[in-house]
Structure formats: structure tokens, C-alpha cells
Amino acid sequence: MRAAVFGASGYLGAELLRLLSGHPDVSLTAVGAGEQAGRSVGDVHPHLASVDLQLERLDESVATRADVAFLSLPHGRSGKLAPRLLDAGMRVIDLAGDFRLAPEAYPDWYGFDHPTPEWSAKAVYGLPELFGEQVSGASLVANPGCYPTAAALALVPLLRAGLVTGDGIIIDAKSGISGAGAKPTAAIQFARRDGSVEPYRVGGHQHTPEIEQVLESAAGHTARVTFVPHLVPSVRGVLATCYAPLADSGTTDDLTGALSDAYKDTPFVRALPPGTLPDPKRVTAANVCEVAAVADTRTGTAVIVGAVDNLVKGGSGQAVQNMNLMFGFDETTGLPTVGTFP
Amino acid sequence: MRAAVFGASGYLGAELLRLLSGHPDVSLTAVGAGEQAGRSVGDVHPHLASVDLQLERLDESVATRADVAFLSLPHGRSGKLAPRLLDAGMRVIDLAGDFRLAPEAYPDWYGFDHPTPEWSAKAVYGLPELFGEQVSGASLVANPGCYPTAAALALVPLLRAGLVTGDGIIIDAKSGISGAGAKPTAAIQFARRDGSVEPYRVGGHQHTPEIEQVLESAAGHTARVTFVPHLVPSVRGVLATCYAPLADSGTTDDLTGALSDAYKDTPFVRALPPGTLPDPKRVTAANVCEVAAVADTRTGTAVIVGAVDNLVKGGSGQAVQNMNLMFGFDETTGLPTVGTFP
Amino acid sequence: MRAAVFGASGYLGAELLRLLSGHPDVSLTAVGAGEQAGRSVGDVHPHLASVDLQLERLDESVATRADVAFLSLPHGRSGKLAPRLLDAGMRVIDLAGDFRLAPEAYPDWYGFDHPTPEWSAKAVYGLPELFGEQVSGASLVANPGCYPTAAALALVPLLRAGLVTGDGIIIDAKSGISGAGAKPTAAIQFARRDGSVEPYRVGGHQHTPEIEQVLESAAGHTARVTFVPHLVPSVRGVLATCYAPLADSGTTDDLTGALSDAYKDTPFVRALPPGTLPDPKRVTAANVCEVAAVADTRTGTAVIVGAVDNLVKGGSGQAVQNMNLMFGFDETTGLPTVGTFP
Amino acid sequence: MRAAVFGASGYLGAELLRLLSGHPDVSLTAVGAGEQAGRSVGDVHPHLASVDLQLERLDESVATRADVAFLSLPHGRSGKLAPRLLDAGMRVIDLAGDFRLAPEAYPDWYGFDHPTPEWSAKAVYGLPELFGEQVSGASLVANPGCYPTAAALALVPLLRAGLVTGDGIIIDAKSGISGAGAKPTAAIQFARRDGSVEPYRVGGHQHTPEIEQVLESAAGHTARVTFVPHLVPSVRGVLATCYAPLADSGTTDDLTGALSDAYKDTPFVRALPPGTLPDPKRVTAANVCEVAAVADTRTGTAVIVGAVDNLVKGGSGQAVQNMNLMFGFDETTGLPTVGTFP
């Protein structure tokens, strides 16, 4: 099976190259970039020196060379590109936000009108642990955001089990700096970020409606979420600390049991035993999400925590997991479950 | 005025020495330690090489050499020591938790019975921006915890103004590693913490009742707080992200206005303008708390954020501020308002 | 082929488990530890939760269950253990320093007499790019130290080519904190190390004679090395900056050419093009060494730089590479050549 | 005394504002910037919110408002500006490299011809511990670079004492990222630098001739220096590890004694006792240089180490120290000798 990566110069793109170049069933045939076109992969990403390909400007004509396209482009670009690739016969996995929401949400949350709303309904939201069956048959997959992956994998089993209620959920998330992308700005300089902990886009982050939507569609509840992301001084990793009202007299054991049950047969989600809490450090470079929950019965609040590597299970690893399902490979092929630690 | 520091080998103790050695109205006359007694300050803390004193085992006999005692001891020790120092005629500022709570709270939250409950009522909670008048006349001051300082300075003005309600408050706090103390453990090693973001003591941290108590006494409301602290990979700094129900149709401007009004005449609390959010990096080594608030009107939630350096405004700097008030010095003497940045 | 790991509770041990558990030709059958015996691998190393084994106290009776033993024990222990394992029919790869030096060097550099000097001569120094043929036939391999790996791979080709001379070499090395081990001490705490750059064991580090010995045996020159290691605030990675007298009018192109020639057919050493310099960040989690050289013709000094991940090419990865050669597997089996970046 | 700061938007400029705003004998009257002109100090540098001034475009007309000008401008600009300020009657402290070297060195090392070579000879090199008397009478001071400060304070006493020789010196320096400036580039992003150790400008850094010149003028020896700087993942701090041939049978005690003697009456240089080695972390935010030396008698090499905060003793603090001397204030006024630690 032949794969093309659009947008290979960023962090998600590089991580796609790392994973796909080691995937036994995939041949990486085309690597796309804009300004960097013409340079070799090893020149742009020296750690990928062993990937012997050149970056090029790609469009739908790549369909003659590849069966699947991964789109790791700025928001707003894949909405136009994906339909052309689909029309050319490819399957598409979009790592941007362009097919994650209902079209009418884009003006408010992304600041643009969706260019191809008629295609939006054909996209499957690629969170395999929740929507794996739909992914298997999909031609167009909207790969989830990093925050929604960590939050939804933590919350959905408890919502489904009726242990927490969906109204009045608060999600306080912490992300490493790689989540802010590779484009140089004053805000992501080392001297600015080292020693800093900073909230951003309070109440206005575009992952807010994505989280609400996945909670609603997976759990069948209306969900109302106050979402506040923070940047912390690490490179990779997202921790989502979720606060939800306990439905009734649930205990930590109840919550933990529901998470264990939900994920006992999944290869990539690890429900931790009571007394242990997730840490994204433990899943660095692995396609794994750790989840755990504690009932604060004194206040009637469930604290549910999820952790992923934003570039792997919260990004490129999940995209490869979706590809495995779409093409009938074993779900775990080419995806590490052991992280790099320490 | 002569000062003694008990417990000078830890981080809070070292920070007391840094600040007191530069204070124009204070003569540092005695520096206490246990195992390190007999060594010079510069030997134990090489960055304090210019402080020419020896660590010694101290008790109440230090009253002949000092007017005020700062107690930077493990929880449970100052409860016994402080009364003896007070009886010997000294004034006492306790940086541990021994006089912060009502005596009956100690078994549940600290795991021991308060040894001297009769003295507890004589202690003043040393958060000067809220209780400055009582501090001025106090002999025994309970210096607040780092998390309660950041959280209370953020929340109290909005509770007082009726803009948020006190029931169902969630406080998600992030702390640098120095908050875990200087004692070597596997949990605070560099290789363990770098790249890590980890919640701890969910629902059970001893600062929880301290926060509830200060909110209640300062704002006259019952407060119920779910408190979850996290360790992030920085050295200094606490950020408290507080979520409280908006009382009615409050806006970000309303919230910001209430914070600005509350702190416009205080030297150490900085209410940030709309669009800016607190960051402990900016107050590193300064006796400053930054606060700001955003109304998420879509969900009816106020997001209120406070940031301090846990060793300064959240610890030793606040202790010196209390001392200034107790002894009639200008509140700002010897206390930096400009942080070290970057 | 069945493998046993002695000393699995440390960082090198954990990295052996990570690599061996993913090696297609190896079955990991026994995992040894001291105090941690009885616990599961996932309990001691949560990131290795998918390795379903228990730690146990191991001795030479493991020979019934394993063909090769990896010894990741404190210096001084494998000198006694290895002969017993060899006598029991196993092959042994020692990650400690016990078989790296001539026996007479141990009192001065390690502080103990070598317990089994008669076995010392039978050990092969396991730096495959330099001594690959001997490794293939070895029963006992002394796996090199992290600093000697980076320094020797950088220096040897230039010494062999006569481009630099071996007398008066200075090696200034920088290591991440994981190199100091996992045992909690004040010196490796996060708050102590973050922001710190500190030389240690100046002139007295036990890797000094190891470097001199490998330079002499590989290049046939007497080598005299001043070696100063430093701790820098990162987790993984060693950078060795080596300064050697230019033999005559060598240029940067000459030096670079010699490095490229030496490594053009090796899978794990990457000679960088002129203008690029090694960085251990790029080889994090990969079994790769980057090397490069610059001629400072103004001063007659060659600056030659090597970078490895101290836990992989400078430790456990190299041990697996040695195992591959000893057992006739392809040298690259189970070993990543693409690092985790950023 | 009234001070103006040109180039206040960078890190050295901000550090000048921090120090000058707390200096009891200085009134900060003008703060210059280019693109940021018109904004308030607190807007550009939020940690300096208490400095109530606006940035403005400054030229020599500032002489009516200020007695001394600090120039924290890109290399090449102060060479033209300083003479105009001096002609207008001001005294000038230049933090760039424009007056540090003999004019003929600029084309090779800075890439431009010195615009005002006739003024160059009038500049005094502002390393007060070595050239304090000349500084006291100077109108134009060339404030040293961070690397030369650390290296020269470490090396000069041993060269003067004849304990080491000046030919064949190697200086391997490690710097925090703030030394690379505040301008956003891919090279100084958090995700790029965290976990990285990287040499740069090998053999070509413009501080090389500055170091050779100060060693020669202070010690009366010809000095030939191979200088290799590295970036390490911290914010502040420079550590210079210097390797020089031992002149004869010098011991660590001899070297340590010479450093102690040289600095016993200086307030800002701390010669450490044997067994202790410098660490820039200990002098963070302090105007202090730590120095120490070890004799590797086995190889005949002295290892001499200096550490400074590049923004304070290696930059803005030293500039204020120079100002104190130029204007007859006590040398230590307004300059901290206790660092922020941890």
C-alpha cells in the first residue's frame, strides 16, 4: 500500500514520516511541502536522514503514485484539497480540523466558511476506540485533535455508564510546546516558555465544539464544556484533567471499573489502577492514551484524566491507526505501545 | 530588628535568608537547622556564600538574640514550638500549616491532632491583601500556603462583588517542582519530572480546607472547592486556574474591573488588563501575584487565574511582607516587585 | 533465542526491556532485580506495562531459561557474576565497567581490585564499528561506556588517517541527567539540575582510561586524554567535543571526508556533511551516533564531535547490537535508526 | 544621575531596566526602541510593569535628559551612535561588540569595517576586576561579551602567576538560550532546544579575538585560543571550561590559591574552595562570577572554569558596575550578590 504525506515540514508531518517509514505494509511514495519543496527529507528533518525521499509540491495527481493521503496542512486547506483527492480515487486522512465539525460551526470557531460542506457529512471522526467500525469503511477520516482525543477517551465511558453527567463539564488541559507548531514566533521561544505555565484561548479554543460533539455522539448526552488549555514547558504530551458532576453516589472504584471495562480489549488505551494517575511522559512516542478517574465524593465531582503524546495518539499515530483500520491491516501494525522513558 | 530563621536548610528557608539578608531594617542573627547544624550558610547554600552565619540547633533560648522567628519546619513541629517562642517574648511567623486551620481539621487533612489548640485561635492568617489589619497587630501569623495565596487572591474579589458563587468551585493548580521540597526522592528527580505533567493528591491535598476557609472568611460565603494540584516541569511558580459559576450575566469586563478595583492600591497584586493572562514565570523571585479573569458566558463559568512564585509571594516573601506589617515597616521594604525574566 | 536481563530496575535495564521486547528474534524470559524482586515490570516501569513479566532475584541458574545475559548492575558486581554465567553455558554482555579495562587499572579508576582478572582477557570490547569481527565470535562482551562510545567513534577515523595526533587530546563532554542513574540523590533533583551546567570528576572519571585504551587499540597510537564530563539539564544524550592537534595542514573537508569514508557502510554512525554539527537530541531513542569535525586551522586544532543517546547507542542499544552480531542476526534487527524528534 | 537605555526591547535591555530601576542613585529618564517605540515598558516587558516609562526612538538629543547612555543595540550600530552621544557630552557604555576589538579585526570577525576607528582607541574595556582603574576615568566603555567575561576572569590570574601558559588554550563554553537573543527563529524554539546540546560557530565566533586580546593585555602573554561555544537547554548562564597547559608542576592547590588571592578583595568574583566547581545556576540574576581550577597533573593540563549569568555579570550587571565606577558610586550599589536559587 502506497502512502503520500501532504505537509511534511511540520511536527505532525515529520512524525508521520517516522511512523510510516517503519510500517511494514506501507510504501511511502510522495512527501509534500510548500516552501521546502526540492529539499531532501534528511535536509529538512535531519533525524529522518534515513528516509530517502525529496519534498515536492503535491496535488491530486499524486493519485497515480499513492493509495492514501495524509493531510497535515494548516486548517482551511484540506477542506478544498480532500474532495479532489477523493475524486481521484484516493482515501484521505485529514489531520487538520476541516472535517471534524458540522459545517455551520466553522465561522464561529475557525473563522472561515467551510468550502465544501457537502463533503463534510461523508467524513468519519477517526477516534477508533469509539468509532472503530465506521472508520473501517471510511474513505475520508477526520483525525481528531489532541485535546479531544485525551478528553473523550477519558470521559466517554463514564458518560455512557451514567456515572457522570454531561452538563457542566470543565476540562483543564496542559500541553507541551510542540502542540503550538513549528513556525517560529516569540511565543514559543525557549527563553519565553521555560519556567512558564500559561493558559490561552480561554473559552475560545476550536477544540471546544469538537469535544462537545464527540461526547454527544459517543455518549448520547448533551454536553456543555468549559475548556481551558495551557502551555507547560515540555515538548510533547497533553494531559486533560476533566471535572464532571458525579451522577450519584459513584466511588473511585466505580469510575475505575468503568474505564477498565471499556478499554480491556483495546491495544492503545490503558486504564490505570486506583492510586495511579496518567502522565504524558510515560507515553512519549507511543500510540497510547492513559486514563484514570477519582471520585471526590466530598464535593460530588469526578476527576477524570487522560494523557497522550499529542504527536502520536493525539496526532500522527492515531492517523496511522485509522489507516490500519481503513485498509484492513492489524490495528497495531507499525505503532509502538512502549513509550520512551525517561 | 533581629530575626531568627528556624529550618534554613530547605528551599523556603534559603529564600528567607536571601530576602532577610538584603532587608535594610533587619539583622539576621540566628539560623537554625537539624542535621546541617554546624555548617556555614555558604556551605549548605553556596548561592548564599555572602551570608556569613553558621547553622545551629535553635530553641526558644534564641529569644535573647532575636525579636521575630520565622518557622520553616515540617508540618507538625511549629505547633509545639511556636507557643514556647511566644512565651519567651518573640513574635512568630509560621510558614508551615500548623496554625492555618481550625484545630479540628488537622486529623483529617494533616493526619495528626493539633498539639496546642488553645493557641490556634490567636493566630492571624497572613494574607495581607485580605487581612492586613489583623496582621499588623499579630504576635503569631500563619503564613498561607502557596496554592491558597494564588487561589484566594484571584477568587475573593469576585466572590465579594457577587460576580461568582462559592459553591461548586474547581481549582486546577500547576506547581513547579520546588513546591515538593528539597528532600531527595525518586518522584522529584530530573529524569522523572522533565517532560512530565502529573496530578497528585486529587481531592485530598491539605490546602483544600485552607482555601475553603479563606474564601469563607474573606467573602462571607460558604465555599465548596474541588482542588487538584499538578506538578509541571519548572522549578518555581504556581498557577491556579479557578472555575466558578458566574452569578448572573457578568462579562469579562465586569470580572476584570472587580479585580482592578480590589488591588488598585496594593503594591504586590497586579490585576492584568483584558487579553492578558497570568504566568508565574513573570513573577519569578518577586513578591507579586498576577490575577486575571475571563467570563465564558457560553457556559456560565468564570475562569479566574492567579500566579505566584511559590517561594516568594507564595512563601518566604509573603512572610517578610507580614513581618513588615507586624513591625511597622513600610510593607514593601526589602521585597522585589520586578521578577527575573526570562 | 532467549534473553535474561540482570538489573532491570535502572534506566539501562528499562531500555533493554524496551528494545528486547520489540526484537523479533528474541524471547525475553527472565528479568532480574534486587529490592524490586516480586513486582511486575509494569509496576516498576509503568511505561513498560505491556511487558508481562515479574522481576525476580536471578543467578546463574537462569542458564536453563536463557541463552544470553545482559548485566546492567553496579560496577563491581558483574566481575564476579559473569564467569559463573559463562561457566553455565551462557553468553554475557556486561553493561557495567567490569571488563572494559586491563585488570591493573581497577584500583586507581574504580577503587577496587578486579575479582576475576583471568577472565578479563577473554572479554571483547563491544564497539562494533571498530571491533565488529571480534564481537561476532565473543562469549563475553564488555559493552562500552556512553562517553567512550561518542568520543571513540568521533576520534578513531581521524587518528587512523593520521589527520590528528593522539597526544594532548582534550574531551569536553556534556551528558543528560539519566547518565547519573536512577538512585535518588540531592544532586539529581529537578530543582537542582534545571538551569544548571556543571563539570564533575575533573580528571578522575573512570571513562578516561577506557577512552585512552580504545584510541590506542583502534588507532595504534599512544593517546593521552584530559577528560571533563559535565551535566546539562536534559534527560538523555551525550555530546563529546574532542580537541586534537591537527597533524599537518588538514582542512575541514579532509576531516569530514575521513569520517564519511569510515562510516559509509555502517548502519548506525552518521557522518554529517560540512556545516552541520552533531546534536544528541536528534538521536534520542535511536541506536545512532552522529559525528562531524571542523579544522580550526588558525590554531592548528581539530574539533571533532560525537553525539549518542547514552541509554541507546551509548548503552542498551549498543548491547543489543552486540547481541545481534554474537548470535548471527542482522546487525540492525530490532534497533531504531530514526530518533524521536522534537 | 540620569540614565538612558538604547535598545530596551531585547533581553539585555530589559535586564538594564530591572537593575537601573532599582538603583538608588540613578534616575531612568529615557528608554529607546525601534519598532516597539510608542508602547509602554510594561506592555513590552510585562514583568517590568512597575517601570512607568514609554519606549521612544532616541538619538543624541537625549543628552539634555540623561548623563549616561547604555547601548544595547545590534553589533554595528553603536559604532556610529556612540561618538555622537560623546560629542553631545554624555558618557557611553556600549554592550555590543563595536568598541571591544582593534578596528582592523572587524572585517574578519564581525563582517564590517569599523565606522569610527578614531574613537576605538578611546574606549576602555570594561572588565572592572582587571581594568578597574581605567574604567573609573572613562567616557566610553566597551562592556565585555559574556564568554570573555567568564573565560578571562578564570584564566588571567593563572596566566599572571605563570601557572599556565597562554599558547594552546582551549575554551569549551556552554550557554543558555537567552544568549542567542530575543528575535524569533527556528533555532531558538522551545521544541528545538529542549533536550539539545549543540556546538555552533566552531572556530569562528567573534568572541575569540576578544578573549585573546583580553588575555594578552591583562597577562602580558601572547594567547592563542580555540573557542567552541555550545547552546544548552537553560535560559540564563554561561559556563566556560578552559584548558591550558600547566607551566610546570602546579597542583590544584596552587591554582586555587592563585584564584583566591586574585579575588579576595573583589565583591563580585567568588573563587571556590577545592572540591567545588562553578555552576551558572548559582549566580542566576546576580552580578557574580564563580571561578575554580583543577590541575590534571597526569596530562599536564589545568582545567579552569568560570560561570556567570550572561545577562548580569556577563552583560547588564557588569554595565551597571562600570557605571558605578565611572560616576564614583560604590562599585556594588544596586547590584545583587545573591542569586536566585533553585
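Order as written gives the chain letters A, B, C and D; numbering starts at 1 within each chain.
One rule holds for everything that comes next: a residue touches a chain if its C-beta (ideal position, glycine included) is under 8 Å from a C-beta of that chain, and two chains touch if they have at least 3 such contacts.
Given the structure is predicted, the values throughout are model-derived calculations rather than measurements.
Asker: When C-D is set beside B-C, which has more C-beta pairs in contact?
Answerer: Answer by contact count: C-D.
Asker: Can you name the chain that lies farthest from chain D, using the mean of each chain's Cα atoms as its centre?
Answerer: Most distant chain from chain D: A.
Asker: Compute the distance, rounded to whole Å, between the mean C-alpha positions of chain C and chain D.
Answerer: Inter-chain centre distance comes to 38 Å.
Asker: List the centre-to-centre spacing of chain A and chain D in whole Å, with centres computed as mean CA coordinates.
Answerer: Inter-chain centre distance comes to 46 Å.
Asker: Approximately how many whole Å separate the CA-defined centres of chain B and chain C?
Answerer: Comparing mean C-alpha positions, chain C is 46 Å from chain B.
Asker: Where in chain B do residues touch at least two different other chains?
Answerer: If we look for residues of chain B contacting two or more partner chains, we find 11, 176, 178, 191-192, 194-195, 233-236, 284, 342.
Asker: Which residues of chain B touch chain A once you look at their complex with the stated criterion?
Answerer: 168, 170, 172, 174, 176, 191-192, 194-200, 202-203, 224-226, 228, 230, 232-237, 239, 241, 243, 277-281, 284, 294-296, 298-299, 301, 303, 305, 307, 342
Asker: Quick check: in the complex, which residue numbers of chain A touch chain C?
Answerer: 11, 14, 18, 21-22, 45-51, 178, 235-236, 270, 272, 276, 282-286, 336-342
Asker: Please name which positions on chain B make contact with chain C in the complex.
Answerer: 11, 176-178, 182, 184-186, 188-195, 233-235
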